[in-house]
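Okay, got some structures for you below.
After this come two complexes, each holding subunit A, first together with subunit B and then together with subunit C.
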Partner chain A sequence: MVFIVRYVVRLKPKPVGDFLLCVGTAPGISASPSEENMRYFNVMILGPSQSPYEGGVFKLELFLPEEYPMAAPKVRFLTKIYHPNIDKLGRICLDILKDKWSPALQIRTVLLSIQALLSAPNPDDPLSENVAKHWKTNEAEAVETAKEWTQLYASGT
Partner chain B sequence: MSFSFPSVPRNFRLLEELERGEKGIGDGTVSYGMDDGDDIYMRSWTGTIIGPHNSVHEGRIYQLKLFCDKDYPEKPPSVRFHSRVNMTCVNHETGVVEPKKFGILANWQREYTMEDILTQLKKEMAAPHNRKLVQPPEGTYF
Partner chain C sequence: MDSEDDMHDANDDDYYYSSDTAVEYSDEDDGGDDDGDYGCDHIEDSDESNRQPNYIALKEADIRQHQENEITTLSTVLSVSRADASILLRHHRWSVINVHEVWYADEEGVRKAVGLLESPVVQFPNAQEPTCGICFESSPLDGISSAACGHPFCDECWRAYMSTSINGGPGCLMLRCPDPSCGAAIGQDMIDRLVSEEDKERYARYLVRSYIEDNPKTKWCPGPGCEYAVEFFVGNENCDVSCLCSHGFCWNCTEEAHRPVDCGTVAKWIMKNNAESENTDWLLANSKPCPKCKRPIEKNNGCMHMTCTYPCKFGFCWLCLGAWSDHGERTGGFYACNGYEAAKQEGVYDEAERRRERAKMSVERYTHYYERWATNHSSRQKAIADLHQMQTVNLKELSVKQSQPETKLEFVMKAWLQIVECRRVLKWTYAYGYYLPEPEHAKRQLFEYLQGEAEAGLERLHQCAEKDLQAYLGPEPPPTDFNDFRSKLAGLTSVTRTYFENLVRALENGLSDVDSQATAKIGQAGKGKGGGGYSDYHGSWTCDQCTYFNTISLPTCEMCLQPRHNA
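Right after this comes the complex of A and B.
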């Protein structure tokens, strides 16, 4: 009996207060819920140091769908970014947002993974074919473009 | 007090519609896609309707422009035909689908999608008051 009760509790959607606890403590990351919709967050990620995105402030949006936590949060970049795993609409190719999602993952983990993706672009699993091609044929030049875009679009002003 | 689940915000809703449109809808007689792949706010869309059977529109290809503003889907998109067409709900000069004369726009609900609009317009083409109207030549535009 106890087992069943525990199971039910685990599956219950997390109350909104918990969402807030799950975010916000990581360095270089912030997330605040919008006023109209407590499941919709304005997210800010600072470009990691020693990456082409260093010095950039990247805006993202995050939404917890009705199925959350059984389904992954929906996240995308609002700031333009030159990255092989992020497309022109800011959609992100990241396994934990898709088939590798687990209800045990927190929003904080998701945002940290996105930040890590900025440090480690993976052109072998691309979302933007052109950017990935650029990365594979001339990495130095692609990194330069990524730096330029960071200056142009993510300078935080 | 009843609990209503917070609705999907505009941008994620449009991303869903985009993905659905990319996969292809039903028999393909109605389709749509984004005009400007760089527009992060996904405002301008082109829709296509292939005219329904048993009407003067049969086999004709109609292009439309849909514009989803910041208040979509609380408010309907603005819709206008690019291809010339003669229908009771379409302004003869501009091609604009007049919301007052087209139910789904007049009685808009946030669950409705661009697919619903295009599907309804296709049905409307086959309605008794539209299906026999004389049409402008094919390949002409507003």
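Right after this comes the complex of A and C.
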């Protein structure tokens, strides 16, 4: 059970604060395995500061397929989010989840990359065409919408 | 049939010359594989494009051998390992020259781009039991491996990593170290050391495929089930190549060999054969939309009173497309429609009618050429089957019956190979004819004449190879001496070959430069038979009443029984 060793070593969750769990040394990220299925993780990512997602608490699901770590984990946003690289089903456009996956990457690095994606949206490689267009034509307005959505869907209440 | 005689006269020299050489052929070829050499074997007049085949067919062993040689050479010249040389070649489309060029210009840059490191980027761990970077378990030193970069992973994780990649497709040839920040290339030596036999074989297979597919000089033969490849030497405009499997194809577009037609026309023709546009044309030509529900309706018999099918059920007049309820005695009876006649006089229907006619013309024209193209295609398939039968069965019988060694019977095979080749050319002349511009009347006439002659010549050869030969296989004593038959068939083969070569050249030159003796007399011959020409079509007449296209021989319209007006 390679994956168990992997996450026991690197992902052992430590409770920090009220509801936040810290993964390794990554602040603002938590991942805990589901009780029914050890391959299924409930993930929470705090919106990074100085981003339109600041103050939001985003829920994600992460699943380790049979082939893991030779195949990438499957990750999806459960919380609605207004972001050019994330579509309305929560699917994420991120190279390391696809062709750039390497078995030497870990759940922790994946989640850090997703967090970084929130800080730096990339409308040139969009998953959600409309949002990306919005972002490119009127960034200020798009950021405003993203903030509203964060308020609306990710305020953690 | 004076034109046929012309053809004989013109080629008498070839006739005798070739019957002499027929014996030579058998000497050249004995024991050899005869499949591959037709089309480029012989020549009487100096045809430079055909003298030397500008390609070679490669069997799998040849391919591996070529690949090995190139890797060895490069590894010697650059003083790198064979695995590294292989990686370099793979990244540069298997061109040794390209590798030399970039390597000597910027070795460091090339090394970086393809991932060949000269020294490790990390120190290989000194610990007794280093930790694997993938599973984070400790393993004894002999269970840990790393590429040139030094990133340590346990052999089990390596194996899984490589196996996943190999099973994911040819991308495994570009495998790099699993460390996300590292680009060190993984060579075949390391793969072979770690993976299972099955994966090793698969990887080697991808390597061979890469050698053919990434290399601009080589291509797989597209023949069904064929595993050979063809290496092509540029510098010659003849792109037709013939694989060892006897499949002939065009190097440029990998469609079947299609001289004298160019690749663009072939692509258009094939697309047309598959496209729906003909259906649309047919509908336009042969149907009218129901005036109420717009469904296309074909009138195949009966009177002008049309009733659309359920659920529309609209009754209307085929001629004027008006409601049938307005018709009857008032409009001149059930088989005529005054309203239509009157409106036609005023030119109301002209545009729609003309469109319909044009579409009909175009669909019939296409059908004409397509049918002949397809017929020659199936004749060719049949000829290939006959050729095979000849090779495996009849030739032996003939050899016994005529007490001739099989090597002396090569001329029969030559004839059949020629038939197969001619059917192919003839087939493509129909695609050529379809795209020949209509207004170029003289060219079209010449083309149809040449095509007709080609067809007749081929028929003679086919007849001789098929029917006449039977006489020497049957129990009856043959009508003529076998040697006479030999010179007849060999002669016909040669004449037909020359004729077709000239035809191909003439068509490739766009019929502008017709210099061969076989075609020089066309001017006088004037009214060629027109082989499969389409000119017959212009002999039809259009019914004034219902616009139906009737054949010239009919005195009344097939559709509405109106007599022909301006007969």
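Following the convention adopted for this analysis, the second predicted complex is superposed on the first by the 132 of 157 C-alpha atoms of A that agree within 3 Å, B and C clash if a C-alpha of one lies under 4 Å from a C-alpha of the other, contacts with A are read in each partner's own complex, and residues count from 1 in each chain.
Keep this in mind: a contact is a pair of C-beta atoms (placed from the backbone, for glycine too) under 8 Å apart; a residue touches a chain by one contact, two chains touch by 3 or more.
Computed from a predicted structure; not experimentally measured.
In the superposition on chain A, A:Glu66 makes contact with subunit B only, while subunit C stays out of contact range. In the superposed model, A:Ile96 makes contact with subunit C only, not with subunit B. In the superposition on chain A, contact of A:Leu105 is made with subunit C only, not with subunit B. Legend: residue contacts after superposition of the two complexes on their common chain; A:Lys80 is shown touching subunit B, with no touch to subunit C. For subunit A in complex with subunit C, the residues that touch the partner chain are 2, 5-6, 9-10, 67, 69-71, 96, 100, 102-105, 109. The residues of subunit C lying in touch with subunit A in their complex are 133-137, 151, 153, 157, 160-161, 164, 178-180. Across the complex, subunit A is touched by residues 5-9, 11-12, 15, 18, 37-38, 40, 42 of subunit B. Taken together, the subunit A residues at the contact with subunit B in this complex read 34, 37-40, 61, 63, 65-66, 74, 76, 78, 80, 88-91.
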